[in-house]
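Two complexes come next, and they have one chain in common, chain A, joined by chain B in the first and chain C in the second.
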Partner chain A sequence: MSQHYQAPAPRRRQQLFRPDEPLHGCGLITSLDSLRSHLQTAIEIEHSTIPTYLTTLYTINPITNAFAYQTIQSVVMEEMLHMTLAANIMNAIGGHPAVNTNDFIPEYPTYLPHSDDAFLVPLQKFCKDTVDVFLKIEKPAHKFVPPEFNNYKTIGQFYKAVKYGLRYWDHVTPGGIFTGDKSLQVTCEQYYGGGGKLTAVYSLSDAVLAINEIVGQGEGMDGTIEDPDQVFFGEDVEYAHYYKFNEIRHERRYRPEDTANCPPTGRRVHVDWDAAINMHPNPKMKDYPVGSPLYNKTLDFNQSYMRLLTCIHDAFNGQPDLLMKAVPLMYDLKYKALDLLNLPLGNGEMAGPSFEYVAI
Partner chain B sequence: MDHEYDVVLVGSGIAGAVIAKTLTQAGKRVLLLEAGLAAGMALSPEPSYANYQRYLETFYSKANKATNGPYPDLPDAQSPDVLQIEAKTPYDEGYLVQNGPLPFASDCLRSPGGTTLHWLGNVPRMLPNDFQMKTLYGQGVDWPISYDDLKPWYEMAEYEIGVSGDVAAQVGPDMDRSNYGDDYVFPMKEIPQSYQDQVWMKNTENLSVSLYGKDYNVTCVSMPQGRNSIPNPAYRKTGIFWNDETKRLELAGDEPGKYEVVGAIWDQNTGNRCEGNASCVPICPVQAKYNALKTLKKSDHSKLDIATQAVVSKLLVNDTTGKLDGIEYKVYANPASPIYTTKVAKGKIYVLAAGALENAKILLSSNAANSSDQVGRNLMDHLVMLMWGLFPEKVYPYRGPGCTTYLPTFRDGEFRKDFAAWISPLDNWGWSWPTFAPGSDVSNGLAAGKFGKALRDSLADTVTRQALLHFECEQAPDPNNRITVSPQYTDLLGNYRPVIQYDASDYMRKSFEAAKKVGDQIFAANGIEDFTDYNPSDADYVTWKNRGYTFWGAGHIVGTHRMGSSPADSVVKPTQQTWDHDNLYLVGCGNMPTLGTSNPTLTMTALTFMAAEAILKQLEA
Partner chain C sequence: MTTSRNYTDLFLPISAWLTGFDTTELQATGMTATYYATITTKNTASCIDDFFAQAELVLQEGGGDEDKTNSLIASQLFPTSCYNNLAQNIITMWYTGEWAPDVNAAPSLAEAHNISPNAYVQGLMWTAASTHPPGAKQPGYGSWADPPIGPPVDAPLTSISNAR
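Coming up: the complex of A and B.
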């Protein structure tokens, strides 16, 4: 049988700056130190979703659930990009990103750091409830919501507050605040393949571009369903996280003419909700007797995760080349997570990765 | 498909993909006929990902990791299989009918993407002297074009494949900065040389070896590769375009820092850097390694029709006009069934890009393009002599891609009058090639009664010390090394199978003796305990001066329809148009008059861009 194919047109990429809102004299964030601590929160927010998305990703089969797998994988890679962008902004204003401390990993299930505690983010298998939580995480802000750095409803609100803080403190500080050591920046030499181009941050306009990328990839820009790479980098049309997850939830693709507040109406996609590994939700090391094989394997997984975080920490703090060495650690982590997910607990459920702080 | 195309193209390997992309982007309408499965042609994210994951699962599940292992075996469009090469001729149980006296030892892949799915990805250029073997060394033939003629096309090929490498390091006999030009850089920085290579280099760089009374200084050079690395900010090219004004194909762009790494076909964000999985042959898990589907995907798909599961059986030659009137092909629904429908494709120009074996087979089946009687002749390969041993220290093979360093020392010299030149890649795959390690190390350990910790310890001790050095000896063209067809040998669809007559000449056998003498000195300098074992039961075991040597195939299937300056002794012109039919072009390694000591894909890709320009000129005339 002969078949004909229509592949997408080749992508072109160009970088365009976009006019942003005028400078607001907004001093919600009341000092440069406070601004830095909010950027640390930004890093923690971005990180907090990664164990959740990764755990769910590892419970499904990349072939039989190809659409859901590729969608979740693309989102988690973009979260890694966001975490790195936040670290770049932090370094650009003379702060010190910290990703290896004992309270850096939240205890799952967790509220999003500094959020309004409206919902818990768990480590659990792929299912409709899980995707509903993902939708809450990535829920878009209204265009006119106020900036909110604490008790925010949406991540967009939080970043709006950070953006205003950056503008304000750069404006009122003699010589500006973007005086950090340029060699600390992670650039697209070290960071690649993470869904969008990594911006090194040397100025306020770089920082604003970075924040718009973070918010836009998660929630979409200004009521559109497309992520801002369209606008900024001219990548293939790719929908923002919320809308990607909504496609899984509704088992349908969006059509370009669909609007943001309606479900997708495009072609159906195959999602096999029942084909997930039945992982026990939110596993903990303390669930297992110390020294038992399950305990040891979970400990081993957590040590791998700490090695990875330590590597990233060092990359964010003066050794950006180390980021390339994080790649094999990420594979190591995946293989160890899959090992755990293949271990039955005896009650019909399987073990799974627990993402807990351990000393290494 | 009853309408006429500008070009009907056969094969979707790198040569076919380059033609399809270049011509459709220039606005020409192309029909591409591909013998392999429809599933393998998927270029959009979900189906291409799902198909590639199936290749990977097959690879992981097979005990033997041979070159074509991950890919479907199609009775209706068979590929040669290195596992079917046996130490006996005649032999006709595989796809190839091996009439000998030696079996031809290489395979290729008939599949969407062609052999680039399993290629290694080494892309050194040929040397200027390689183009003048007859004039300089009295061997083989000269090319009808020079290195300088090919140089701009090499740059195009290096852009298209996405070469990672260090130009400044490319120094050796007949090779230095002037081969490339003062400011030239590859699109991406070099892949880091492996830890194992660093150990090799300690005692091999600037080692003096003696051969037949002459001393040679051995050096180690980083290998240019078709796999992704960090973009070189100094690289200035941005694309290949047909210039309608000048009627030239141009490598355009003069802006540094704009090179875009080409990721996996299913996701631009996957495979942006080589991850060192070390399974390059037969399959890169993340498509950091170039494959032809990446090029094919860049075609203008509004101008491209692709027919898969479409096996070409015959060229329809019009005896009056001397032109082709069409290409007959057989379309199968089930690859294991003899049922097919016959169709005819028509275009203004026809291009065969099916590989050196299939191109020759199709021409011979159709009695086409063969007034010189050269079709099917001069079949060549690199004859690979392996040496393996154990390092005194752990060198940890399998870290990084298959090869990151090569020894250029014997690629050129006066000795080429006497015996074949070779390139020596340092291999990063332990003893996997000669002994099927590390699987065989496990079986041997078990057979010796080891298990548990004792087995693990012995593997940790030996597998980590395994050294492999190899010598890719340049086979000289020989009209008697050839493919023919015979009604006696056909496949399930009634198409001919290649019947091969093949031998290794004295010129080759002497190079094995020479290479072994050099290898012995390199092993000694590195303290490597030699475990090399050439056995008369090996498929390609030969003797020279009462000593035995075994060679393996390199998968570099070259010759069979060579390019030349006269219709009397060649099949295609330098434009790669056949001498006999002005609407038939041949592309691929079959056009190469001699092989040099380079892996041939880069040179063939450069030639294919030349052919694409010639085809566009003819279409516009």
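Coming up: the complex of A and C.
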């Protein structure tokens, strides 16, 4: 493989990735089933970040904290894209994405699924600690870290392993592994407004593109973080989540001259750390007496959440058009979360969305 | 002149009886403090004192019984001669986000006005009709082709007695 870099994508997202790796490291995955189960993990990882980003998003005012709000919102929409991309890869290799099972939703605070359990991901209000966790979630991988399915340090490491696995099993399987039912793919016709272009996956190269989109949006492509000469910031460049969150944390934009391993040095942005709704962290239904108004409101929220997950599950499993029907459910969920955040607990804190599995 | 005490503890329960939405639903709009401030600035302190004194009696005498409380509200709080039309105005306020014209004011001052931009968005009339305020709380492209999400229209009314 040559060592040149792929050109940036047309929408000017900066994606500098190294060409495909040779077929070493593929022994991490012992079977196609194991590959599929790791793609299920990928879907779970992508999903696990969504409740935490959404919760924090809803605790801030979109007008008075516009920069932080718009930044977190843009990230969470990309996570929804990533979840759908992972499901497309899963369907392309004949797997069955499972989104509505009782173990699909993590119990917050949670470690990232199959990670090295280095840090917990909470549901909590907007504050510096929360943004620090977001930075850990999106932390870029070092260029030379090995691919890792389990106990990974960064999500990039995990996807590197997935990429190796896909390439290896496609190579050694007669006829390849991309033999899934093409009608199961969610295409850009069913997916709108959600953080980038959705790619249908019909081949290994589609799958690699999809993974590069996921990792590129999340942490930036490997290599850029430790390359101090790499210029890749600017007003018209949409850069990776880690750097977006770092702008909030430092209350500054990046300048085109900034380097990836240094904090942003551009113009200051207004971030009002104190203006968040004082939500009780990691709320749970069991915090409230069964049948109490707060219990019922939280239950109602979780039922809406389960209706949404069920709709997405069905969209990923043969009815891709249903994804359009999921959008009103997403809005409904948002308004229910905002309702909860208006309910005082009596101790100075407010209730909030708990994102728990309930039977519907 | 200020009211003889803060009536926020009574404002929500009496609002619940007047609107048919339970106190949690009312609080969830995030408008409670704004609306309480509105009624206390739009009415004299003595009117507020008298209204809540009567409202407290109504709630005590009604004892949670729906028919009894409703009939007490009708006879004690609703006559337009009482309390500057406050009971009716509270209902209009929660449902529409508007402060209704003052029945006793000179015509030029009798304009209804929106209490705040958020009051319009949080109006209970949208919830009651299972719809959304035009221009806000957008429900998603194409959602108009499907039945509304959520409880049937009469659900807040039927659940009223459980929530109080």
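What we mean here is this: the second predicted complex is superposed on the first by the 320 of 360 C-alpha atoms of A that agree within 3 Å, B and C clash if a C-alpha of one lies under 4 Å from a C-alpha of the other, contacts with A are read in each partner's own complex, and residues count from 1 in each chain.
Note that contacts are C-beta pairs under 8 Å (C-beta built on N, C-alpha and C of every residue); 3 or more make two chains touch, one makes a residue touch a chain.
Note that this is a predicted model, so its numbers are computed, not measured.
Trainee: Kindly classify A:P328 by the partners it touches after superposition: chain B alone (first), chain C alone (second), both, or neither?
Mentor: In the superposition, A:P328 touches chain B and chain C alike.
Trainee: If we overlay the two complexes on their shared chain A, which of chain B and chain C does A:L345 touch? Say first, second, both or neither.
Mentor: neither
Trainee: Is A:Y192 touching anything from chain B or chain C once the two structures are fitted on A? First, second, both or neither.
Mentor: In the superposition, A:Y192 touches chain B and chain C alike.
Trainee: Mind working out whether A:K297 is in touch with chain B, chain C, both or neither, as first, second, both or neither?
Mentor: Touch partner of A:K297: chain C, not chain B.
Trainee: Could you say whether A:L135 touches chain B, chain C, both of them, or neither, answering first, second, both or neither?
Mentor: A:L135: touches no partner chain.
Trainee: Between chain B (first) and chain C (second), which, if any, makes contact with A:V358: first, second, both or neither?
Mentor: Neither partner.
Trainee: Taking the contacts chain A makes with chain B in one complex and with chain C in the other, which residues are shared?
Mentor: 192, 324, 327-328, 331
Trainee: Give the list of chain B residues in touch with chain A in this complex.
Mentor: By the definition above, chain B touches chain A via 38, 41-46, 49-50, 53-54, 57, 230-231, 260-261, 263, 266-273, 275-276, 297-302, 305-310, 331, 333.
Trainee: Okay, in this complex, where on chain A does chain B touch?
Mentor: Those in contact with chain B are residues 1-11, 13, 62-63, 66-67, 70, 74, 77, 189, 192-195, 235-236, 269, 324, 327-328, 331.
Trainee: Can you check the complex and tell me which residues of chain A touch chain C?
Mentor: Contacts found on chain A: 192, 293-294, 296-297, 304, 324-325, 327-332, 335, 338-340, 342-344.
Trainee: Looking at the complex, which residues from chain C come into contact with chain A?
Mentor: 22-24, 27-30, 137-143, 146, 149-150, 163
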